[in-house]
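Two complexes come next, and they have one chain in common, subunit A, joined by subunit B in the first and subunit C in the second.
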Partner chain A sequence: MLKHQAANSRRNALRSYLGAYGFMAPAGILVIVFFLIPVAIVLYLSVTNLASSNFTSDLAKMEFIGLKNYDTLFNDQFARKIFSNTIFYVLVTLSIFNVSLALIVSLLTTHIDRNAGFIFRAMWILPRITSPVVYILIWKRMIAEAPFGIINQFNELLGQPTYNYISTNPWVFVVVVNGFIGVSFGMIIFTSAIESIPKDLLNASLVDGSSRLQRIRFVILPLIRWPLLFVVTYQTLSLLTSFVEIQLLTDGGPGLYRTEVWSLTAYHRALSNYFGNAQWGYGSAFAVLLVLIGVVLAVIYMRVFRFDELIAEPRVEAL
Partner chain B sequence: MEIRIDNLTKKFGEVVGVEDLTLHIDDGEFVAFLGPSGCGKTTTLLTLAGIYKPTEGLIRFGERIVNQVQPKDRNIGMVFQSYALYPHMTVFQNIAYPLKLKKTPKNLQNESVRQVAGVMGIGDLLDRRPGQLSGGQQQRVALGRALVKEPDVLLFDEPLSNLDARLRLTMRGEIKHLQKNLGITSIYVTHDQVEAMTMADRIAVMSGGRLQAFDTPEELYDRPKTQFVAGFVGNPPMNFIDVNVSQSDGAYTAKTGSIRMTVPAARGAPAAEHAGAVVMGLRPEDIAIASEGEVAGEIFVVEPLGREDLIDVRVGEHSFILLANTESRHRAGERVALQFDMSQVQFFDPQSERSLLWRQ
Partner chain C sequence: MFAKLRLGLLFILLLGLLTGLAVAQDAVSITVRCKASPPEEDWRCNNFASVEAEVEAELGIDIDLNLIQDNAGWGDYKNEFVLASEAGEAPDIILSGHEDIGAWAPAGFIIPLDDVIGMHSEFDDIVPSLWESHGYAGQIWGIPQDAEARPIFYSKLLLRDLGWSEEEIESLPDRVVAGEFTFDDMLATAEAAIDEGIVDSGNGWWHRPSNGPDFLYYYYGNGGEVLDMDGNLVVDREALVAAYELLGGAVASGVLRSDVIGLDWNEVWHPTVAQADTVLFAAGGTWNWPNWAINYVADKGGDAYLFENIGLTLIPAMGTGEAITLTHPLTYMISSGSENPDVALKLIAAITTSEHNNKHAIDSFHLGILNAQLESEAYADNRLLSSAHYMLDHTTALPNHPGWNAWSNAYFLGIQAVETGEADAAGAADIAIAQMENELGDGIMVR
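== the complex of A and B ==
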């Protein structure tokens, strides 16, 4: 009888484990197939000298060259420039657009008429849902040289000199173009966080004697601290790896690596080098360093912002 | 602070929250807004707080018209059903918040917060956060926060609804006591008529965005001017049956089916003047089970309340709720006779639902 019970409970435990893994499986498989396996492949490629000249798809036939790619990378005269470009691009876009402007937009649109706010936010989402190629084409037309670009046409109209903006101010447009997309993520997160603050709490603050600005400072901002930190974290990582818009707008130029960022370099080296000379091995070394930076940052963020507290088990029973 | 509301209407788009409300509240008075959910009582309260701006009408605090005055400039204290404590602040910071916004010097803030916390009996909780407090403690903090800035008007939005029954009883007494001591004009929104009856000097009964009655608890109970008020005030609620009242030889009789009841002339006469059926209202305490009486019925269900039993007696198709001594030990299915104390009977016009006895 006892034996039977023990077997039974073991079977139950097994069954509940199976259930848990079953539920985790879809996400787990996605992570394995689209993250872990590619990372492993890239890691392997980065210690080979695979390029268009010695191309093979057979992993075993690739030539192992140890850490030579990394050695080359650290001695690359442009690596430092590209690295500081990346830091500049991420910090400036993140602080001005992805966080500050996102916060301002969500605060503004939650303090006006609900429908108006909704329409305003919906418009801010457009850059994100537009195909990057189309979106960048629109920008390129706007900032094109005179007499084609709209901005330059305005300049002419106002009697101002015209500019070739891509060569005079490439960074301004790299940051603005990415920033316009970046705003919508934080905007959605912040807006839902602000709207989930209980109405009573917001009313209480007004009755207690706060102006609307004071209410933002003393009540709303402290209460959306976690979403704020989440957006900072998540957007740092996603800006680090984003390059499509830069590629389409300036392709790292003008000139030598003026707006080239790390992930774009990885792409250039591995897939789009001059005359079709793709250096998969060398490009992979760039990519591996990016993965490394991303993982380290993610771990630091999780520690510093105590993400485990955010995902504490729901206390359904305690309610 | 005297509050005068004149012809207040608040609409949200097409939806009417409050309609044509006129109400004058005396200085230091404790007024309850009583009514079922959606009757407009909270809308009125939030309009008084300045969260909503009136669509029409005038609100005066003393002589000042406050229609367009911001909440922060009204000097009001408010207590919410959800307590609405700031979760990221300690109890001390919560109570000090209104003072901080007023730019009160730090040492005075400290002094006032400690004094209020002392009065509310939460002096030892000042370092805690709201999440670490029980519901009752949170409610005291909320009350402390409302009182600390010495408001001219105190607004309560169902402050006791989230507390357990026992605590509700204690807090009820404490709030009433505090209000009388401080003499602050107070408005208390509730759907619980016991709370309204026990605490308020006057009760504004609301329904469907309209004021049904505004009077002292005794008046509302003894002389309800509408059927809604009669049914809403009093627990268990008043029994209503449709009857015809007729007069013969100076004696008034209310009849329906097999039921015949003699009505005192003072109350029967206005009812008899009304052509056709009228609604008769009888409070449970005015009905008694007797060994023999005017009407015979059968006990449908007995609900023991401890001190007394709530008994539902069916007479034909009519049902009478009454209160009986527990010692009589009635059981469901028992055949009983009912005796009616007709001295407190009420009559209403079935169409307008207005009282036939107490004209407005």
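== the complex of A and C ==
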């Protein structure tokens, strides 16, 4: 009898595990096929000298050179600068635009007429849904030097000096151009979070005498803590790997890698080279380090922000 | 009766099918991939369509010719060929810069042509100096498609304002060739134009705003070499420093803008230079001319406006005392994956004639590749080509070497350093050499 019960219990446990893994399987397969396998391939490429001049897709035919690419990378006189650029770009864009401005837009558009708020939010989504090439062409025409650029045409009209903005303030425009795109993601998440706060909570705070600012500070912000942390984490990793707009706007310049970021360097080395002999192996070494940084940051975020607690079952449910 | 009719119909159908199959089997498929700026460079691929019937008749075969032509970026275009080659889907003929021989020959993506070039008399007439840029490891790997010069364009409009006589302006190219007007003279002229308020500071001379082959002539012009006698990569520190001193000095004196690298080609560089009223000297390429005539000064008269206001000359003499230019021939290469390399080469030979190459040369202002073109009426009567062809006698070229990209990128870093003031000439040379040594290791010799 006891034996039979134990067998049943094991069967139920197994069924439960299989059910869980079955539900996770589609996502798991996607992660394996589109992340783990590519990472493994890039990792292997990074220990070869694969280039256009010896290109092959046969892994067995690639020449293994150990850690030579990493040695070259760490001895590159500009690697530190490119790394610093990347940190600067991620921190500034994330803090000013992807989180702060996104939050401000969400708060403002949820405190005005609902339709007006919708229209404003729709406008903020435009940079996200515009093709990067078109979007950057618009910016380039805006900030081109006199007499071609629109901003400089206004400067001339007002009797002000004109500037080659890409040369004088490349970071300002790299951050602004990317930031305007990044705002929309946080804005959508924050808005939906704010909208889902029970109205009786919000009204109760007003009845208790709080101002609108106090209501934001003491009611809304604590209640959207989870979306806030999610946006910080997701956008950090997203910014780490984004480079298309920078490539189109400055291509890492002007001067010595002034706006070059790590992911753009990986692209420059492995996939784009004016004189043709792309360095696939060396570029892969840059890409591998980027993956490592991303994974480490993701783990740190999950620990620091206690994601396990945030997504845990509500205590009232657990009771 | 009906049975016989059905049998007859079946026989006819079968015959038709067999004939169709026979024709299909005879058809030789040739794919040609070209990069061209439309419309002026479209003959690069379109010329093949012009000779298709002729080659079919001569070889007695049916050619299924596929032309793929667009104006993709060089990096993407080259990667496309590398990936297609590895996938076994490379075009039979690929048109690209001759320097790609240095990467694609060792990779086995293209075939050597030494043994077959002699079978086509059309190739005998190619300007001998052009073959030099098609060699690698002692063999020839491509057929020149075009040639060009990278001259200094000078604004006649602004030189007139500076007080130059028409005779002085028109004789400038000859004085440059003779070494009477050197690069230092050019910079002094630009400084004078700035001092007199004819051009703004920084607009005395512009070079290209992005990395590219042109920059190499500042190094060559100061006695530098990229390959030694054995074909190994070298860098001459003295020439490197001299080139950087020239560029950095031009920025320091206000002749050259410190931010010229980074200007947008189409938004700023071309529209400004083509007007001839803002920049005194501009280092460009012959093919810029039709682009300007069509896209930037068409409303002012196009070609006529340019002839009236812009002239072109060799790069005035620098350290070596010789005026030079740089030619970057595009070359037709035959893929090692081609099943019909003989037919591919025959097609290339058929378009390597004055008649066909003149169409490309005249429309796009690329220089001819055949001696016969110089004698042809269409070429000789073309004012632009006839005024520039002599530049091929003073030309230099990029090296064909797998390490060239690392060399050139490091060299360009030094240029950026010295022009933005992040390093002096010696410091810029240190940066470039350190970069070369780090990436090329034993593959570079510093002299």
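The rule we apply is simple: the second predicted complex is superposed on the first by the 284 of 319 C-alpha atoms of A that agree within 3 Å, B and C clash if a C-alpha of one lies under 4 Å from a C-alpha of the other, contacts with A are read in each partner's own complex, and residues count from 1 in each chain.
By definition in this document, a contact is a pair of C-beta atoms (placed from the backbone, for glycine too) under 8 Å apart; a residue touches a chain by one contact, two chains touch by 3 or more.
This structure is a prediction, so every number in the text was calculated from the model and none was measured.
Within the superposed three-chain model, A:57 lies in touch with subunit C and out of touch with subunit B [touch as defined at top]. When the shared chain is aligned, subunit B comes close enough to touch A:223, but subunit C does not. By the touch criterion stated above, A:167 is placed in contact with subunit C alone, subunit B being left untouched. Touch criterion met: A:200 reaches subunit B, while subunit C stays clear of it. Touch criterion met: A:256 reaches subunit C, while subunit B stays clear of it. Of the two partner chains placed by the overlay, only subunit B lies in contact with A:208; subunit C stays clear of it. Between subunit B and subunit C, it is C that contacts the larger number of residues in subunit A.
For subunit B in complex with subunit A, the touching residues are 46, 49-51, 70-72, 76-78, 80-82, 84, 86-88, 97-98, 101-102, 145, 149, 155.
Subunit A contributes residues 198, 200-201, 203-211, 214, 218-219, 222-223, 225 to its touches with subunit B in the complex.
The touching residues of subunit A, counted against subunit C in their complex, run 51-57, 72, 75-77, 140-141, 144-145, 148, 164, 166-167, 250-251, 253-256, 271-279, 282. Every residue of subunit C that touches subunit A in the complex is listed here, in rising order: 73-76, 78-79, 82, 85-87, 96-97, 99-100, 102-104, 106-107, 109, 210-212, 258-259, 261-264, 267-268, 271, 398, 402-406, 408-409, 413, 416-417, 419-420, 422, 431, 434-435, 438-439.
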